[in-house]
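Before anything else, here's the structure in question.
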Amino acid sequence: MESQEARRVLVVPGEAFAEGDYKVLTPSYVVKVNKKYVAAVVGLAQINNETKEIAVIPLEGCYVPQPEDLVVGYVVDLGLTSWELDIRAPFTATLYAVDFLGRPVNPAKEDLSRYLAVGDTVLAKVEVFDRNRGPVVTTKGKGLGKVTRGTIVEISPVKVARVIGRKGSMHQLLEGETGCEVLVARNGRILINCPNKELEDVLVMAILKIEREAHIPGLTDRVKEFIIREKVKRGLIGGEAKAD
Amino acid sequence: MERPRLIREDGLRHDGRKYDELRPVRITVGALNKASGSALVEYGGTKVLAAVYGPREIPQKHLLLPDRAIIRCRYHMLSFSTHERKSPALTRREVELSKVIREALEPVVMSETFPRTAIDIFIEVINADGGTRTAAVTAASLALADAGVPMRDLVVGVAVGKIDGVLLLDVDELEDMFGEADMPVAVAPSLGLITLLQLNGVLTREEFDAALKLALKGAAQIYEKSREALRDKYMKVRVEE
Amino acid sequence: MSHTPSLELVIPRLKASTIVSILKKGMRSSGRGLMEYRPIEIVPGYVRNADGSALVRLGNTVVVAGVKLEVGSPYPDAPNEGALVVNAEFVPTALSTFEPGPPDENAIELARVIDRSLRELKAIDMSKLVIVPGRRVWVVYIDIYALDHDGNLVDASSIATLAALMNTSLPKVEVDESGNVRVDRGTRASPLPLRNRVITVTIAKAENVMFVDPDLEEESVAETRLVVAVSEDGRIAGLQKSGAGGFTEAEVLTALDIALKAGEELIKKLVISNLGGLKAGSATPTGSSAP
């Protein structure tokens, strides 16, 4: 795992990081100039010479919706038959009332704010997005809909992959070590439900640490140590709580 | 104001620089909290802050383009940034510079990635000591990169002046005030593209060719510092123990 | 705030690609050569009430420039010099997308580019515009109006400005013992003291092909332009890259070769036409005298 992380290079826009013929996995963030592959964003360039694949994982940037993405949206506006959600993308997302309620609405008789008002939080899935029209989200699906409990931690959308980790390893670590329910939405909003406030504090601190140190190798081990240390400090698990 | 001696007897400039020497360049990427991206750039006594918001939707829908993002740019000087107080309202100079700075950045921004949105660039000149527009281009380009806006290259700016018949790199305000010509240049070095070129003054053809060479040489140094500054934002993050 | 403009002219892709492919062959759809200006017609003294004026027709682009001289105070840092104020407006007659209102960034840029070329070259001898030293001087107001826009407003404006300055004369003034200035506009004392002539040459670039004097369609397909102010004595009196896009170093050097040559020819043409003594007010902006 560490060896794979070591093959990442920090790149900045305009920087050539590979030459020859590769398959570009992240076409939005790589430009080809005279046979050279040039980064278009500040990010980590990954070069796989075995599979002949390259990618640049951005370290900054807004959330770009993809169909099937799980997102946490905040209601910012409502129309006659739909709501507008802020999903941290360049465009607000539309949630149709017929989708949310599972039946047609009569705007003359029903006020949509009865179901979702401005400021409400919604867990949804991106249904369509083609960059020319704003994204449309759906709440059809298990666990989707209005969020009524828990709290939200916001991190940069481009760091989400690190909170999930390879094959979900970081996510499992966070849940396992804190006993909290952690739901990582693709747009950088993380919904958490914890047994108590102390554990919630530890979890939030751990998530923010992941965001800060996302580009530094050895992240998983550091986060695990961090959580254990914080739990010991708070007397949440056995061992000698260090006085400091 | 009396014209001071701008080239000393030892051949150096009034501040001790050589003809092809930049002032100290200081760059902080991510200088602000709320903006999508930001940068503070200093060329000697010139201090310019740039912030980028977006890509985002804007209320002025009629401005948006169906096939790409629009870039909006405002170059503005704080009222106390100059020797004489500047009226806070936008002057004709600021209107023109907002345009040429935007046009210096347009060629590198991959605006086709975000149709029907706006990328807003706000530039505030905090202290003016010559070369504010070129420092502004450098700052704006770094703020765009810090916001994660895809770009084909960074753009950096630097000015060349002619004083007493001598071409000087990165002129400060005193040199500009008494000089014969001031030529601001911005370039995307990896693309080899000159994206801002103005000349305020008179040059012969030979002088121009030499001035452009000098500007490109200075720009290459600022480019390296810009790349370093972008990386620094991440390199300086220490693992907390 | 400056923003990416909508196209002034939406050209069908098919047509745009035709324009570019002809340019790439070293020609233009109108039959002009890449380095050839459209026919230029200059009407000096077009506006009788101005102290100097000219109407310029560059192909189908029409611009009128007028000079008004007013008695004013000198700038504090130049007490014994006259003053220069250049203003440009793109009036709504010129194009369907031009709206009434204060000058937009394009008009401001144009005025400032022309202002700088005159100022930096010291084209007007400002020291000869002093009426009462340190107190009263002539202020030269140059106002440029784009009446009909078919591309290259900058060069058309620059030609009109120079032509107008070349037929500007100073009114007679009397200064009484208490320093009051009385202007007699009916009597002309002397021509405006011009020391050096300057003209802009605009070079447009579309897919690495460079050409002078773009018309509106060509401007719409061009990525960018370089405006070069060229002095009578063959020096570069100003530069302005305008429009999104950029130039390589080699392209800039080529553009300057083109501009210096074209500028020299333009100034020659202008001097001849102004000396030719075309009758003042003999043409209308939409008249049939256009070639």
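Some observations on this one:
By letter and in written order, the chains are A, B and C; residue numbering begins at 1 in each of them.
In the analysis below, a residue touches a chain if its C-beta (ideal position, glycine included) is under 8 Å from a C-beta of that chain, and two chains touch if they have at least 3 such contacts.
Worth saying up front: this structure is predicted, and the values here are computed from it rather than measured.
Taken as a contact graph, with one node per protein chain and an edge wherever two chains touch, the assembly forms an open path, each chain linked only to its neighbours along a line.
Inter-chain contacts peak for the pair B-C.
For this pair, chain A with chain B, the centres built from the Cα atoms lie 34 Å apart.
Rounded to whole angstrom units, the spacing between the C-alpha centres of chain A and chain C is 55.
Averaged C-alpha coordinates put the centre of chain B at 28 Å from the centre of chain C.
In chain B, the residues touching two or more other chains are 69, 188, 191.
Contacts from chain A toward chain B in the complex involve residues 10, 12-16, 28-29, 31, 33, 38, 40-42, 58-62, 90-92, 131-132, 158, 209, 212-213, 215-216, 218, 222, 226. Chain C meets chain B in the complex at residues 1-4, 6, 77, 105-106, 108-109, 111-112, 116, 120-121, 223-224, 226, 229, 231, 234-249, 252-253, 256, 260.
By the touch criterion given at the top, residues 1, 63, 65, 68-74, 92-93, 95-96, 98-103, 106-107, 111, 118, 120, 181, 183, 188, 191-205, 208-209, 212, 216 of chain B touch chain C in their complex. Chain contact summary for the complex, chain B toward chain A: residues 36-37, 54-57, 66, 69, 108, 110, 113-117, 145-154, 188-191, 227, 230-231, 233-235, 237, 239-240.
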